[in-house]
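Paired with chain B in one complex and with chain C in the other, chain A is shared by the two complexes that follow.
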Partner chain A sequence: MNAIWSISKRELRNYFVSPIAYIILAVFFIICGLFGYIVYVAKAPYAQLVYIMSLMTSIFMFLSPMLTMRLLSEEKKQGTMEMLYTSPITVAEIVLGKYLGALLFFGVLFFISLEFPVFLMIYGKPDLPAMLASMLGFLLVGGTLIAMGLFASSLAESQIVSAIIGFALVIVFWIMEFFSSAVSGSVGNWLATLSLSKHLESFNKGVLDGGDIFFFLAMSFMFVFLTIRRLDWKRW
Partner chain B sequence: MKKIMDALKNIMQNRNVRFGASAVLMTLATLCIIWFAQKILSDRPLRVDLTENKVYSLSDQTKKVIKELKTEVKATAFVRKLGSEAKYIEYMLTELGRYSPKFKFEIIDIDVDQVKWQKYMIGEANTVVFETGENPAGASAEPQKEKKAAAAKSLPYKRKDVKQQDIFQSDPYNPQKIEPKGEQAFINAVYSLTEDKQRIVYFTEGHRELSIGQGDRNGLTELANYLKTENYYIKTVKISTEGMVPEDCDLLVVAGPLNPFFDKEAEAVKNYLKNGGKAFFMLNPDLPCGLEKTLEYWNIKLEKGVVLDKRSFFQPILPIPSYKIHPITSPLDKDQVPLILPYSRGISDLKAKLDPRVVSRDDLLMTSESGWAAAEIKNGEKPVFKEGRDVKGPLALAVAVSEFVKADPKKTPASAESKETQFVLVGSSFFISNQWLTQSRGNLDFFINSVNWMLKQENKISIRPASDDLKRLEITPLRANIMFLVLVVLVPLAVIGSGIFVWLKRRAK
Partner chain C sequence: MIKVSRLTKYYGPTRAVEDVTFEAEKGEIVGLLGPNGAGKTTIMRMLTGYFAPTSGTAKIAGFDIIEEPMEVKKRLGYLPEVLPLYYEMVVSDYLEFVSQIKGITFKERRAKVAKALGLARIEDVKHRIIGRLSRGYKQRVGIAQALLNDPEVLILDEPTIGLDPKQIIEIRELIKSLGGSRTVLLSSHILPEVSMTCEKIIIINKGRVAAVTDKAAIEGKDRIIVKLLGEPAKAAAALSKVKSVANIEQSLEGPFTVLTLESSGKEDIRQDVFKAVVESGLILVEMRQASHTLEEVFLKYTAKEEDAR
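== the complex of A and B ==
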């Protein structure tokens, strides 16, 4: 546990000493800030967090591969992966530590994004529990996107390649519902259950669905597990 | 053969294949677990509706209707089980079934049980058949026990089919968006089976009233749909052509006439009401409606001017009245459901003596203390109250009137029983237009509750299936500037500034 915590702290520190964290955060909050201002002041002045949450999710979908591309690719490229392999730390601890580090960074992003609900609460009377459900959905989908990116990062040495693979993965799972409509029968039905966007719908409506929560947790678990298997394979 | 087996053995012993295979198996296993879990959870959904109005839960009215079922109602859904529509239908029927043992349902997969499907003669998938009594053709959804069958024999058989297009309706403003409206469709079916008679509601025409056929923001199509949901039959009437209010009229609705009624038409409305008729009047401010004298007969006076209320959350011209105690308003008052009456007029009484008649008049909606009726509103000028010219508040914006009238024994000796004249008068008409009905939840409930009260459908007086209320933000120019400064300037600048600070600090080292 200590090893996981140490690795995650080191990852979080790495984010903030490199320009990537600031670029991601700046791009994210400039777009969201502008959109939020236009929507809430001009287009739809309603106390509905879902407008901005949908955009935040979409932008994070594009930014998450950038956030995760260096997690394992950089270690491989710099040759520090071998050092980690030969240390007493297990592969699972390495992967979980890195995942937790990226999650902590996502936590920082989430914390700053609370500016939107705060504004809605000052300027109107939002439906608070529904707003919390929407925020939980964002947290869960963020965790899943990071897990996908982490797995992509374990597949290539080049950060750019990792980012492209990660982005492709995210897109495929995001529009899985669209693919499912092209396939009839139980296969199509099964594909539809894997769609990230479909499982986010209930959170945005203000409904907590056990199935949706389970889906995001299971998907995160699966990609973290696949990353561990991938590194185990490389190790031996 | 041995060579093939050896080759396979070598492949299986290969490290890459072993790791690859275990990863693939694990992935497939996880995906299957997700699918199974989804399937289990869709049968027994673990859902918590956190929305304030419980938009995704059954409404109080639906629960009330199902709980108060006196006869057994069976619902048989003919679906293709793999579709998402089937899941929604099954979920809705399961929810309904939770509130009464008298509500039974069965889901038939039409790909599996074709015999039953054909027996019921259903044309399309995702149709739900609601039944009461015993099916004479024997196409019963479930075999009845003898006792039950004997009991059912005394009930007439009734059947109502709810089709896919009734359950999944497209949004009139966004046809691409399909909204599930199963709750309304199913409750409508239950009403039509359990009610003795379908009541007829007439909307007057010919005075440029709001129209039930008009689908734009000023039309009444949304209202007409909801009335149908409550199992009312809707018709229109031109009293000038008919010469009278039709005899089969259970309720007459006058929705904001822009041109006044002729004296003879007003007389026909008065005669209809005097004979125990029911009506819902919605009258616009500052326009003669031709019904003033008819209303005076029941001691009602229409105030001049447009009502303004400073206490309104929106603008003064959009008052949000408070509820007075009455069966129509009590459920709304209890749940503090807001109602907006845009562009309205005040209502008061003439204080005339009506003896020996006994007329009961109850205020339903009132402005706040700061509400008043402005006789003049000039463009660009802020209206100011002027004593003598304007009417001081609080003002009644809606009233309910009842009077027991004795039937003339000479004319109808056989049924010389007393009847009850009832009408609800609201000093606004736009509150029931498509625009306001979708924006303010209380407007619809107030209208339908009034109709149900007049037509003695008290079991229906409640709060209807909710839709998402859009609560407006109060954004002044100053607040907008603060928002811009924080969201677009300060937060991104703080992030970029921190990055530059860290970079400079590291460079200095």
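== the complex of A and C ==
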């Protein structure tokens, strides 16, 4: 447990030592800020958070592979994985530490993004439950995207390759509904239920659906689990 | 302390290590010697739990590497060939992190980090960023990392690779000073490297143990090269009378005759050689003990292996 926390703390610090954290935060908030200004200030002011939240989700979808690409790839490339593997900790602890580290960074990003709901609360009368639902949706989908990126990072030693695989995974799951339309019958229906965007709809409507919450948690769990299996399997 | 039995590793169909068996006692410094690609790193990676053997097993400090890997890892310090360093971190932060990973309690942490810094002699760079250190210092940080948990067994993979001669001597001294209470297993493809630090030497060739031998046999105290002025035949005749000279090879080097003597006994025959040269009226210009080259050692032991079959 201590090891998980140590790894995630190091990971979070590592983000802020390299320029990557600042670039991701800057890109994210410049785009969101411009959009927010147009929607909430310049145009007819809509006091609904869901506009900015769905934009934030889309932008984070593009940025998340860059956030996760180096999680495991870098360790493998620079040889530190050998130290982690030969220390008295389990592979699960390593992977969970890494996942938590990236989640913490996402937490920082989420915390800064609270400026939008705060702004709406001050200048307008937003629908509070709807606002909270869309924020929860953003958190859940963020955790899922990071888990996918983490898995992609376990597949390659090169960060670029990891980023590309991660991006491909994200896109495929994002528009799974579209792909599934090509497959007829129950398989197609089943594939459609894996679509991230479809499960996000309820949150954006301001509805909390237990099934959708479970979906995102299960997807995150599955990709973290696959990452652990993948690393374990490689050692045999 | 280390007991390896029939360790075997295949990468797919390729054989990397086959049927390796050896032992190391407590306090011993043991060297794995072999050319690049012989399987030294693979053996070490199996012992440290980086990956699992295809078959066979090993016991480290009494714990089986397959059945109780966590117990083994707690008692092990490992320096991989590729230094496991986070280059963006400060030395002391890095050691602090590794000590957390190794499960050292918060109370003990400060003392253990200070001890490792001292043993590896890197106190003066503890506030510097690892990526900006020289290769020699990076190597020391790697060694400090391996020493953090006060390991009973220390495994060092090519600990002097890429260092300059002065740094090599320093690291060698450091390794020697670490022996005694700890069991050290190190690997190298350089013969003097191993013969200078290790008491016991395990020669690995093509994934197998070619021989288990000791320092003296490799250093070749039993070989003496004599350079003198005078007729080769006369010189050879004079020296062949010296007690326990088993074999003489002669060659010419400009005006000098060079004789390589091999003695069969354990005692130093240099005094007798000197006397024999003087008595026969020859002029001695040089005499030295010669060490074997890695090639010679390999030929010697791999030839034996062939004979045995």
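The rule is simple: the second predicted complex is superposed on the first by the 233 of 236 C-alpha atoms of A that agree within 3 Å, B and C clash if a C-alpha of one lies under 4 Å from a C-alpha of the other, contacts with A are read in each partner's own complex, and residues count from 1 in each chain.
Heads up, the rule we're going with is that contacts are C-beta pairs under 8 Å (C-beta built on N, C-alpha and C of every residue); 3 or more make two chains touch, one makes a residue touch a chain.
Note that the coordinates shown come from a computational prediction; the quantities given were computed from them, not determined experimentally.
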Larger contact residue set on chain A - chain B or chain C: B
Which of chain B and chain C A:Val41 touches, first, second, both or neither: first
Which of chain B and chain C A:Ser87 touches, first, second, both or neither: second
Partner chain(s) touched by A:Gly206 [first = chain B, second = chain C, both, neither]: first
Which of chain B and chain C A:Val17 touches, first, second, both or neither: both
Contacts of A:Asp127 with chain B and chain C, given as first, second, both or neither: first
Partner chain(s) touched by A:Leu55 [first = chain B, second = chain C, both, neither]: neither
Which superposed partner A:Phe214 touches (first chain B, second chain C, both, neither): first
Contacts of A:Leu104 with chain B and chain C, given as first, second, both or neither: neither
Which of chain B and chain C A:Ile112 touches, first, second, both or neither: first
Chain B and chain C contact sites that coincide on chain A, given as residue numbers: 17, 236
Sites on chain A touched by chain B in the complex: 16-17, 19, 21-23, 25-26, 29-30, 32-34, 36-37, 40-41, 44-48, 112, 115-116, 119-120, 123-127, 129-130, 132-133, 185-186, 189-190, 192-194, 202, 205-211, 214-215, 218-219, 221-222, 225-226, 229-230, 232-233, 236
Residues of chain B defined as touching chain A within the complex: 15-16, 19-20, 22-23, 26-27, 30-31, 33-35, 37-38, 41-42, 45-52, 55-56, 82, 84, 470-475, 479-480, 483-484, 486-488, 491-492, 495-496, 498-499, 502-503, 506
Interfacial residue positions of chain C with respect to chain A in the complex: 45, 48-52, 70, 73-74, 76, 78, 80, 82-88, 97-98, 100-103, 145
In the complex with chain C, residue positions of chain A that touch it: 2-3, 6-7, 10, 14, 17-18, 78-89, 235-236
